[in-house]
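Labels A, B, C and D are assigned to the chains in the order they are written; within every chain, residues are numbered from 1.
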Amino acid sequence: MAFIRVGPDDIDMATEIACLQSEPGEIGGIASFLGVVRGGEGHSAITAMTLEHYPAMTEAAIRRVAEEAEARWNLIGCRVIHRVGRIPVGGRIVLVLTAARHRQAALESTSFLIDWLKVGAPFWKQEHLISGKDHWVEAKSADDLAAQRWLVVAPPD
Amino acid sequence: MAFIRVGPDDIDMATEIACLQSEPGEIGGIASFLGVVRGGEGHSAITAMTLEHYPAMTEAAIRRVAEEAEARWNLIGCRVIHRVGRIPVGGRIVLVLTAARHRQAALESTSFLIDWLKVGAPFWKQEHLISGKDHWVEAKSADDLAAQRWLVVAPPD
Amino acid sequence: MKLLYFAWLRERIGLGEEEVTPPSSVVTVADLIAWLRLRGPGYVEALAETARVRCAVNQDFAKLDTIVRPGDEIAFFPPITGG
Amino acid sequence: MKLLYFAWLRERIGLGEEEVTPPSSVVTVADLIAWLRLRGPGYVEALAETARVRCAVNQDFAKLDTIVRPGDEIAFFPPITGG
């Protein structure tokens, strides 16, 4: 059963892995992706990032896709933790964790989920520049292309 | 600089991630693969696994390939921890951890490194069956094929 | 119907949420956007470029021709930047 | 030269490491295997199927026709099962 959490609390990787390992099943490999706030350089150097989301929609949307991944890759477990609110440079934003019998299922499903989160889950990032200005991050067309690798449909234009 | 450790000590993921994050550079994503001992079922149910290796060769071979991965995917950091000795069911065998500016570099290089470890680093696994018998794990041709995806050459026949 | 605004749309419109009762001539998301633009300069600024605006109707991603009905929850926001 | 045996080759031969001085007719890995098979049933059992035996000369993977020299460290082992 996919576990989803969206909220301001920091991500504790060790705890999440322990929870995943307590799932019944023959786990052979656990893959993960942890996204962190990049500081940027020069004019685009930032001190922190604020993540906004659409609460009524976020968890349900992530759960739907996480369950799709569980079925597609026959996962033993899957955890997606996405933070919202203000996160300083170097801070954790998102953790995707999947467990499977075999490594390829775990690695591919992790890749799939993070590619989807970039374009399919209603989050928006605002960067707080060192200059004091705030700046909403623009969506990247590269992210749409990455999601399309998995035949995931990005939200319609 | 790739960090490699081969030895009997357990793997502490949180510590390894903290070490990786202390590398200078603009880390945006950290990918990982953690391999654990699968219990098996029925006649092939096991209680533990023992990993043997070729000490004079292992670390040097892993370092060479980890540095190749760092260059190929422009990684900010890379840690490969491989345990040897007896490990119980559910225990951690191997951790591959990579950090990059962007998620795809981190995820792909992790996949590459674990695929290579399966066929290119001189480790051998012995399973300890519940029945009391010991059994050397046979190499899988699927692992050779996985390594070939990356144009990695498995040891010659 | 209940309208929600996120990210820079929220900032430009100046509120995150409101109840509206558009006339019966508002049938689709596109109609709703056109009607909202009449409500003031913040709305015009937020909804000027429909290419940069995304919409969800009752928590499902919607298109410009998606039908909107009284009682719906309709959210407007920029392209997603999650993960 | 120094020979190392790993995994089930070590078990069948009954030791993990030994120093040997093969005759000068032993030039390649294949020659060395043929000569080792004369040393007893454990060697025969371990080295019977060369398709299941891998070799490294001075910590580099080697083939049957790789040259071996006095002073080399030569390891025999099954196909790798790491990771």
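We take it that a residue touches a chain if its C-beta (ideal position, glycine included) is under 8 Å from a C-beta of that chain, and two chains touch if they have at least 3 such contacts.
Keep in mind it's a predicted model, so treat the numbers as computed, not measured.
With contact taken as defined at the outset, there is no chain that touches chain B as well as chain D. Look at where the CA atoms of chain A average out and do the same for chain D: the two points lie 49 Å apart.
Our note on geometry: chain A versus chain B, Cα centroid distance of 24 Å, whole angstroms. With centres defined as mean CA coordinates, chain D is found 74 Å away from chain C.
Residue numbers of chain D whose C-beta contacts span two or more other chains: 83.
Those residues of chain A in touch with two or more other chains are numbered 35, 103, 114-115.
Those chain pairs judged to touch are A-B, A-C, B-D. Per the touch definition, chain B reaches chain D in the complex via residues 35, 51-54, 56-57, 60-61, 82, 93-94, 114-115, 117-126, 136-139, 143, 154-157. Contact residues on chain D toward chain B in their complex (touch as defined above): 4, 6-8, 10, 51, 54, 56, 59, 61-63, 73, 75, 77-83.
Taken together, the chain B residues at the contact with chain A in this complex read 12-14, 17, 21, 26-36, 38-41, 90, 101, 103-104, 106-107, 110-111, 114-115, 146.
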